[in-house]
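As written, the chain order gives the labels A, B, C and D, with residue 1 at the start of each chain.
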Amino acid sequence: MVNVGIIGGAGYTAGELLRILIWHPQANISFVQSTSHMGHPVSDVHRDLFGDTDLSFSEADYKAIDVLFICSGHGKTKLFLKENNLPEAVKIIDLSTDFRPKANEKGFVYGLPEINKAKIANADKIANPGCFATCIELGLLPLANESKLKEEVHVTAITGSTGAGQNPTSTSHFSWKNNNVSVYKAFTHQHLAEITETVLQLQPNFDKEINFIPVRGNFSRGIMATIYTDCDWSAEEAVEKYKTYYKNHPFVSISNISPDVKQVVNTNKCVLYLEKHGSKLMIISVIDNLLKGASGQAVQNMNLLFGMPEILGLGLKPVGF
Amino acid sequence: MVNVGIIGGAGYTAGELLRILIWHPQANISFVQSTSHMGHPVSDVHRDLFGDTDLSFSEADYKAIDVLFICSGHGKTKLFLKENNLPEAVKIIDLSTDFRPKANEKGFVYGLPEINKAKIANADKIANPGCFATCIELGLLPLANESKLKEEVHVTAITGSTGAGQNPTSTSHFSWKNNNVSVYKAFTHQHLAEITETVLQLQPNFDKEINFIPVRGNFSRGIMATIYTDCDWSAEEAVEKYKTYYKNHPFVSISNISPDVKQVVNTNKCVLYLEKHGSKLMIISVIDNLLKGASGQAVQNMNLLFGMPEILGLGLKPVGF
Amino acid sequence: MVNVGIIGGAGYTAGELLRILIWHPQANISFVQSTSHMGHPVSDVHRDLFGDTDLSFSEADYKAIDVLFICSGHGKTKLFLKENNLPEAVKIIDLSTDFRPKANEKGFVYGLPEINKAKIANADKIANPGCFATCIELGLLPLANESKLKEEVHVTAITGSTGAGQNPTSTSHFSWKNNNVSVYKAFTHQHLAEITETVLQLQPNFDKEINFIPVRGNFSRGIMATIYTDCDWSAEEAVEKYKTYYKNHPFVSISNISPDVKQVVNTNKCVLYLEKHGSKLMIISVIDNLLKGASGQAVQNMNLLFGMPEILGLGLKPVGF
Amino acid sequence: MVNVGIIGGAGYTAGELLRILIWHPQANISFVQSTSHMGHPVSDVHRDLFGDTDLSFSEADYKAIDVLFICSGHGKTKLFLKENNLPEAVKIIDLSTDFRPKANEKGFVYGLPEINKAKIANADKIANPGCFATCIELGLLPLANESKLKEEVHVTAITGSTGAGQNPTSTSHFSWKNNNVSVYKAFTHQHLAEITETVLQLQPNFDKEINFIPVRGNFSRGIMATIYTDCDWSAEEAVEKYKTYYKNHPFVSISNISPDVKQVVNTNKCVLYLEKHGSKLMIISVIDNLLKGASGQAVQNMNLLFGMPEILGLGLKPVGF
């Protein structure tokens, strides 16, 4: 049994961790820390957990745990680790961006099991990947793995509203967002750094641009990325290469039917789909941004860190509709 | 040409007024006041007006206008009228709740044309009805008119998100509200006062309860109220009575097909539908909360105040989908 | 290990059963029958199962199973049982309406564990309750249990689109249903029969009307019922009585916060909430129509039929958003 | 007053024409033909017109009209014109794809006023552009006009459900489409032909590919296209060039705020927005697919055909929310 602590327990990624860990057969939740909700039932904030747990938000007790999930928000993990002297034995899984770029140089392992599984198994500290980054990287890894990225890469990805967190703003207002889509941070999204770094890990000679247009979708969960680039593989070869690359990765599948984003919602899965048009290979990649794109992947990393089966506790019922 | 001023110009009801008045053949918008957006283009706030108008938010100039729409928010009109000495000639249409209950005693006319058309035509100050109130009252007027309300009235009404205004809150957050419904203020909604008062205007002996359960719907615009009560009219009689009552009211129609809320969205219409079950008469009433439930009705009142055709500028293209 | 067969495997309730049973620790899916999709992968129809299962639709083999889930659609189970001679040892869980009214007289047990748990444990054939019926009955059982239903009962319930099945029709068309609500079968819905029968099982002297207005909601999953009736319990007494009634029923909880329908989506839970207004007790009841309202309850019944823990395989991660 | 006939009157584009024409000050609807609904009120099919019109579907009477809108569906106009001998004086506006590619060779004018305004004014037969085509072409015209399209063009465009028509299918089913997005016809969409042809009309030397990925959005109305390509204009120059190009085109505006699709819903407007990133110019273009992308543009063409102001009857209240 792995003893788990969560800090920043009132946010979306913490809520999602709790939804998984409550039913995880080898996890014991030691504490869920939240400064603002201390003492209140966890289900007062994460209302869907009412009836599932009697946990309350409490102070952190780092001696009681084997692993700490840090859900404090971007920019806050660095500060937290400076101010808190954690026991050496406590492993860390950080869901913020703080240690993702150049993770190695900072003593972290970039927690994408589909490229770093062995390293993760031996790591102490995991920088859990970003949601867009996960979705797009999984679409590119088999190409980079054979140094096939030779021209610019074109990516448009549409994300659910939960990707923007729970802070109410004008662009998270239902009256505005309902039935609406819009572009933000085109060509400049912060995940481009970790995407490029991950591609370079497999294909060090990649020197073209990745053009990335993020779109705010009018749905709650999920990311669909459409990616295309020049590639000399035939459609059949491409499918074969992708299947081979992901053979030992239980959450990634290659579909021969064009996917929709909802088919992976509430699961830790990534579904990939390939089409060839002239010289261009198009890849569609879909994930749930809060699961494979955040908390599900964090639990996958926990499983690997503690030598448990990678899918333990992650056999999740899809929502389907 | 009627010269119009709007105060509280950045809110939802002001935006909706502008959407109508820009194309109204007999209205000239003299000013749109907003403390917080002074000097900025109106279309920076009401983005859908980009390309339709070059108006900017400005200070109020009460000498320039024939009518003032007050869109300042509930509780603020009283204060405003105390602090500002408006020219006597300026007519007032107030969209807040401030003067609705006991409007007469306060020098206002309750601006529901389907009961007070003649009074409105001669009024100086209009208390524009609430959205739920309008939807439910239009369902009850023909019954009250013949003193047929003899037992309790049962009402459930579901409203679009714009009914709650533009302030971002936890219950207006897209991630929460999307695909979600919930009840609020059951049996205690503030519109019950004006509904009861309006019913009593036609049927002074009504002394039963109106049970009203408001529901937050996961759509942007519209209200659907389902109402039932005991009534000794047959279905055919009821339809006849309703058609007679609304004969001279161009925005209210009696349908023989069960309505859906979207069929009136972006119009000033109210569609009513009747079914008889045993001793009970069920009435379904649908309106657009921002139009017949707020700004559309306000323009209807303006038309009446200035002796113009009631539907002028209100021949609105429905959104349909 | 329980060996399971499913007939009518391409519909919504069968898909939902599969989403649960694939991860159920004591269930083995022997076959999923579908006339129209014979031989094709189950995940070609239930796309969200891609990556989770390699099952294909096949012919039924009744000798291989311990329990048969019948998902053939209303009216078809009677015919099926006439035409097929099932081995006596095979237990049946029927998800259609066919055997619900007067289930006992037909050799079935009405499968609502919160009233019939002991009978279900000893049954051979289960008539799985309807979705509206489950949601409303769970709101009324504690009242009926103490013979407190003395006046008319008023119910409005709004349901997700999956309640209407997968057949594409004009009212299931996205362009119409999106951002839209409407009433159907007011006062005449077919579930009224089983609701009344269930109430009478606990309170045989109940002789008032249950007024029921069903509403089509613009969301995929979930039902929210608002119920009120006269009751002489105080608010505190009512909460106490409800908590006592459901003490041994793991899927029903009494909340002291007004619930929203999404908090139970993708779970087998029912959340109840109570308010007292004058002489009236209001009950809000929320469930997921495909889970507690159909396939989740069917698995709960399977667990009881085979002496397994009631919640086995039903510790489901909520979708939350 | 222009006398108007509509054939194929029960479909989405015909409904949208009616929503506009009912309030158009210079249009008189002579007939709305529908084979399947002959004799029934128009508002039985287009429910949102209930209360606005008493028109019924009837047979066509070509002698009574000045202009015929053909809304029969793709592939059917050719057949219709073969089988029906229209009076020479009747002008034709065809909303299908039948005469769009190589319109000139077939005696039609491609009805995009922003490139062909003068030709339209003198035409007899208009091939009304496709919805994606309109949205994308308006984003490219100022570039093509100065022969600035020198490299490949990258386009992703997301469309509302009404773009797919009213026929109920598995991908128009609410339970599937709600909260869902997916790709279709990537690189092969039929509108690529008319887009390329329109670009070539202004820049005959354009010989690069237009890569186009269409996405099905989970909203009812609207298209947002994001377009990028290499361009040596600075951001400021680009804005200036676009403003100059569209100076005399009342429905196209260049915004300096990134647009959202809902800001043009229920209007005939196109809003364009430009950003420069390195050597690439990104253009965002938003329209309402049923208005500027279909029936609104058809009325704009009618206005031009009959020498009326281009915006007559098209001063439409946006839905806003």
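As a working rule, a residue touches a chain if its C-beta (ideal position, glycine included) is under 8 Å from a C-beta of that chain, and two chains touch if they have at least 3 such contacts.
Labels paired with UniProt names: A, B, C, D = N-acetyl-gamma-glutamyl-phosphate reductase.
Fair warning: this is a prediction, and the values are worked out from it, not measured in the lab.
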Open item on the list: Farthest chain from chain C, going by the mean of C-alpha atoms per chain?
Closed with: D
Open item on the list: Report the inter-centroid distance (CA atoms only) between chain C and chain D in whole Å.
Closed with: 46
Open item on the list: Centroid from C-alpha atoms only, then distance chain B to chain D, rounded to Å. What do you get?
Closed with: 34
Task: Intercentroid distance (Cα basis), chain C paired with chain B, Å - done: 39
Open item on the list: Where in chain C do residues touch at least two different other chains?
Closed with: 12, 160-162, 175, 178-179, 218-221, 259-260, 262, 265, 321
Open item on the list: So with touch defined the way it is at the top, what topology do the chains form here? Options are line, ring, star, complete, other.
Closed with: complete
Task: Parts of chain D lying in touch with chain C, wherever the complex brings them together - done: 12, 160-162, 166, 168-170, 172-175, 177-179, 218-220
Task: Residues on chain C engaged by chain A in the complex (per definition of touch) - done: 12, 15-16, 19-20, 22-23, 44, 46-52, 160-162, 178-179, 220-221, 251, 253, 255, 257, 259-260, 262-267, 269, 271, 290, 315-321
Task: Of all residues in chain D, those that touch chain A in their complex - done: 154, 156, 158, 175-176, 178-184, 186-188, 209, 211, 213, 215, 217-222, 224, 226, 228, 258-262, 265, 275, 277-278, 280, 282, 284, 321
